[in-house]
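This is the structure I have questions about; it appears just below.
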Amino acid sequence: MSAAAWFKSRVGADRQAVRQSVDALPDGLWTKCPKCNEILFSKELEKNLRVCSKCGYHYRLTAWERIQITVDEGTFKEIEAGLVTVNPLNFPDYEAKIERDKLKTGLNDGMVVGLAEIGGHPVGLGVTDWFMGGSMGSVYGEKVARLFELATSRKLPVVMFTMSGGARMQEGILSLMQMAKTAAAVARHSKAHLPYIVVLTDPTTAGVHASFASLGDFIFAEPGALIGFAGARVAAQAGLIERPANFQTAEFQLEHGMIDRILPRREIKPTIIKVLDFCMGKEVTSDAE
Amino acid sequence: MSAAAWFKSRVGADRQAVRQSVDALPDGLWTKCPKCNEILFSKELEKNLRVCSKCGYHYRLTAWERIQITVDEGTFKEIEAGLVTVNPLNFPDYEAKIERDKLKTGLNDGMVVGLAEIGGHPVGLGVTDWFMGGSMGSVYGEKVARLFELATSRKLPVVMFTMSGGARMQEGILSLMQMAKTAAAVARHSKAHLPYIVVLTDPTTAGVHASFASLGDFIFAEPGALIGFAGARVAAQAGLIERPANFQTAEFQLEHGMIDRILPRREIKPTIIKVLDFCMGKEVTSDAE
Amino acid sequence: MPSKDWTVLDFEKPIAELDEQIAQIRRLTQEQGIDRSEEIAALERDRDRAIEEIFSKLTPWDRVLLARHPKRPYTLDYVRVIFDDYVELHGDRLYGDDHAMVGGIATLENRHVVFVGQQKGRDLKERQYRNFGMAKPDGYRKALRLMKLAEKFRRPVITFVDTPAADCSVDAEARGISESIARNMMDMSILGTPIISVILGEGGSGGAIGIAVADRVLMMENAIYSVIPPEGCAAILWRDPSKYKEMAAALRITSADALELGVVDEVIKEPLGGAHRSPEAAAQSVKSAILRHLEELEKIPIQKLVDARYKKFRSMGVFEDISKKKPHKEELSEPEAQEDQCEA
Amino acid sequence: MPSKDWTVLDFEKPIAELDEQIAQIRRLTQEQGIDRSEEIAALERDRDRAIEEIFSKLTPWDRVLLARHPKRPYTLDYVRVIFDDYVELHGDRLYGDDHAMVGGIATLENRHVVFVGQQKGRDLKERQYRNFGMAKPDGYRKALRLMKLAEKFRRPVITFVDTPAADCSVDAEARGISESIARNMMDMSILGTPIISVILGEGGSGGAIGIAVADRVLMMENAIYSVIPPEGCAAILWRDPSKYKEMAAALRITSADALELGVVDEVIKEPLGGAHRSPEAAAQSVKSAILRHLEELEKIPIQKLVDARYKKFRSMGVFEDISKKKPHKEELSEPEAQEDQCEA
């Protein structure tokens, strides 16, 4: 699917409508910032890439919104859209939840992968939607692995936007194995001297953070994004009480050496292009060897 | 030179005599431990590899003493004994100090390198004596580099006993370059899949610790050895006041993940043999590839 | 083994009572010199029948209790039986030495191997020293350092998994616990030497897989392997921590489940009543399983081995590909669901 | 630039006075509109002659003061002029982000490069933030991470050296400052991409060489490169810290010395009076020197380049080999000293 097609589709329109019913004030024209409570003109908010112009709060984006603001217009071609989730463990209520989120998002699962161009560079692109908490099950992991395999065979960089609550509990141990599977796919892509750029968005935690999301040659993050190993509820279970104020934020991870830079949303695409120029640009240091 | 020849030589005998005049009580038969003040029977002390039987204090060894207790009897052949130190910077008093330490140690400089067998394994061996504070100048660095190059060409492991106050100030920037030179020689040896075993003995600091001494596949240390980056006097200059009690000891380095094990002197040779068996033993996991 | 002992699980109580009877008769035999061996043999038969009876009906939650059994042999208990000449090696050469992750070089029959594994503590003091078997980034980095030594010297790697989870404290997070686990999985997936992992007790999520990307993954009969502890899952998913027993079943965390789901290659049978009833025999079973797999793996050229390792993990997961059921279209607008499962 | 200014060195005072005179006349010119350009030109000639006169007699200790000059351009001042599209990258992916070591990707004319360098602070606050340009293990590990990115994508590495020394505090020691420097030298010696290092100011011992194992090592005219600061050396070797000026000479730490000793490949001339009198011009000189060397290095196949880098550092040091002067004996008992030097 293309981004334009999605936005025109029934689900795309519904999703936009649902978002407005959540964020927007009754008249629909104005939206209240959940962080600073500023009243924002909805159209201005869209123009500002859904970043609050007052406090810089970065709203979460749908997969298709992310694609739209990231790729060169009209260049995204989805792949592997036919992979759909089943219920391998016969886990209670799993199918119902999947159906609910399919309706909500218009997607078969949380990970959308495809080929696109960014700044004229052909890339493999992965973006995540908030489907079952952005969790990684078999379909999610399989799509990531197939994306890396395709990129490896075509000598393409991979650009990945992550947003995830972790491994999907409803697929049990199979979800855990997606961590190994995606990490192994990254290994082969990396050995082929191909670049992998990760942008961590709010939130990126647990099984996804502890696998392909932490393995980029370049790792960026959106300001204020929740990023960490223990999901909030797991951490609560573990009784973590004394924590620094910025614990598990992008800023904490930067301070602790885990990410390259924090990028406000507007700077993400230009920075990715600079990095792609660096990695894939024609001027090479030596044609010998 | 062989160890036996050294012990029989005039300098060897003198050195033994000098040591006794320092450590020993007037009758020569008894020695007082500098750490616990225990009165030790000198012959027993020698039998105990110069480790205090009461408190475990490890006396420093001369290069030849170290060789004698480490290699299979009669297997050590010194190489590069002809390298001698000059005074490239015309540094004041340097020649006089060199001459003094030549007389004291019977060596041309602090590093003694050669070929030997340990547990039947042929190895390249480097040991250090307390010559100009165990400092690394051009001859010292050159000998280390030549040892690694010979070991690389003959596919031999390298076993290295370090004892050093750091780079030799009297050779200025040339001493600093020995750090790069020795590290580069280790790199080539390591790329050839050959093992490098380091035993850090008291003291190993500064330029030697920050170059080949920290690059072993296996790094062991004698108990209580002073090990660290800043030499004691440099650290004093830098005004380091609040330090943990065990700062810059072997025990501190173990706690901080920098060394594999602390080995009492008696366990060093058996452990080296186990490691050599592991690295060089005939049973391999796969003859394929 | 008195039945009031906290180290006896509820469902083990009948067994413990028979054990106690047998022990009493043995004591009497010694004290009084009367031969009561037939009586003992009969009681032992009763006890073994009781064990078989009880173990044939174990629930998944019972397996969790066995995997965490306070008397269960831990990693170093296995090491002592399985390996000779073990030289423990410490430290990650970066930050510290993690006592929850142990490792070193050792011999296994004629072979030289590298071993790494998580280590729990037996008493309170050792438990704290071992951080309850929960490794921090330093532990995963130490493990990777040792595995790279194995690769350099072409020796196989044996890893023993026994951890409730990786440590998720503030300092583990600050030093990159996610990065360390991710890096291990990535580098293990291309490590140029055979790797065998054995899940001995608790195979706790990322903490486990961080040292278990292996050519062969073996699993003790009463071990568990899970994406999340059942208690945590119940609390998070159903917001009802009391449902942990149901969750243990739903998550399919037993060795039989893992084998059926294709996540482990072999289940190692434990001695009657569990590994803790005969740690030596359990270790011998692990040893012979490792040796058998090593012999197979050693015959495979390294590149083939690494490729097979990739394919192994690559094929894990269950899903459906509806694009394969009909001609592929560039833009599927509204995919039709089909219900038959297909394994990738 | 009033002469009471603490940023003016003693030997710069006559220059500063002339600068001040010129500046005053310029101000008057502006205020009063009278053309005094001839007078200014004459004064400028005087000043330039004074500079030449003063700089022709600089002692090694004066060079130390210039290398540490409070107005001397620092690493990022050069970066702003030399590179375009600089994207700073942070962190070692292990522990932290060291502000004394900066780096990232950038373009240099048509080329894509990786840059790393030590960064000092200008005012007290920034000095503390930059830890006075003294990097900890995290800084060296960040530098190595970035250099490995350069190798992966076949881009050259440019490093800028300006550090009094590596940090030797308790926490630097605890995280392995020695290991980090040693590892950098080892890995740089085999890094599969061209490396150019420029010593901009202070080339302080292990702290400097930890990022300076390069195919070409260039050195600013007034930079120093030393195994130990002269003050420290005087204190340790002569137990008399007041002898630092003599020690500065004895240690041979100037750019001319380094060139003569074969430790650097080229000295980059600074603008009249030192880089701080014209930072832009200084940076342009550095830029053209880097470009010239890059053009040479790019023509060399990588393996040859790495071999040449090895030989370069391999040949540093001065000693004598008396075994070459006479037939080699297996056991030399009492070597005879011969006094002529030979370079390895």
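Which chain is which? They are A, B, C and D, in the order written, and residues in each are numbered from 1.
Keep this in mind: contacts are C-beta pairs under 8 Å (C-beta built on N, C-alpha and C of every residue); 3 or more make two chains touch, one makes a residue touch a chain.
Note that the coordinates shown come from a computational prediction; the quantities given were computed from them, not determined experimentally.
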Any chain in contact with chain B as well as chain D: C
A-D or A-C, whichever has more C-beta pairs in contact: A-C
Longest centre-to-centre distance from chain D, chain (CA-based): C
Centroid spacing, where centroids are CA-atom means, of chain A and chain D in whole angstrom: 43
Approximate Å spacing (C-alpha centroids) for the pair chain A, chain C: 32
Averaged-CA centre spacing for the pair chain D and chain C, given as whole angstrom: 54
Residues of chain B engaged with two or more neighbouring chains: 190, 256-258
Residues of chain D engaged with two or more neighbouring chains: 93-95, 175-176, 179
Chain-level touch network, classified as line, ring, star, complete or other: other
Each pair of chains that touches, named by its two labels: A-C, A-D, B-C, B-D, C-D
Residue numbers on chain C that touch chain D, as the complex places them: 93-95, 137, 141, 175-176, 179
Partner chain B, residues of chain C touching it in the complex: 85, 87-97, 105, 107, 110-112, 138, 142, 149, 152-156, 192-194, 294, 297-305
Complex interface listing, chain B residues touching chain D: 1-2, 5, 9, 77-78, 80-86, 88-89, 91-92, 108, 137-139, 141-142, 145, 167, 169-181, 183-188, 190-191, 206-207, 209-215, 228-231, 233-235, 237-238, 240, 242-244, 247-248, 252, 256-258
Chain A partner contacts - residues on chain C that touch it in the complex: 166, 168-170, 172-179, 181-183, 185-187, 189-190, 205-206, 208-210, 212-213, 225-228, 231-233, 235-237, 250-253, 257-258, 261, 263, 309-310, 313-314, 316-324, 328, 330-333, 335, 337-339, 341, 344
Interface residues, chain B side, partner chain C - complex: 190, 193, 195, 217-218, 254-261, 271, 274-275, 277-279, 281, 283-286, 288-289
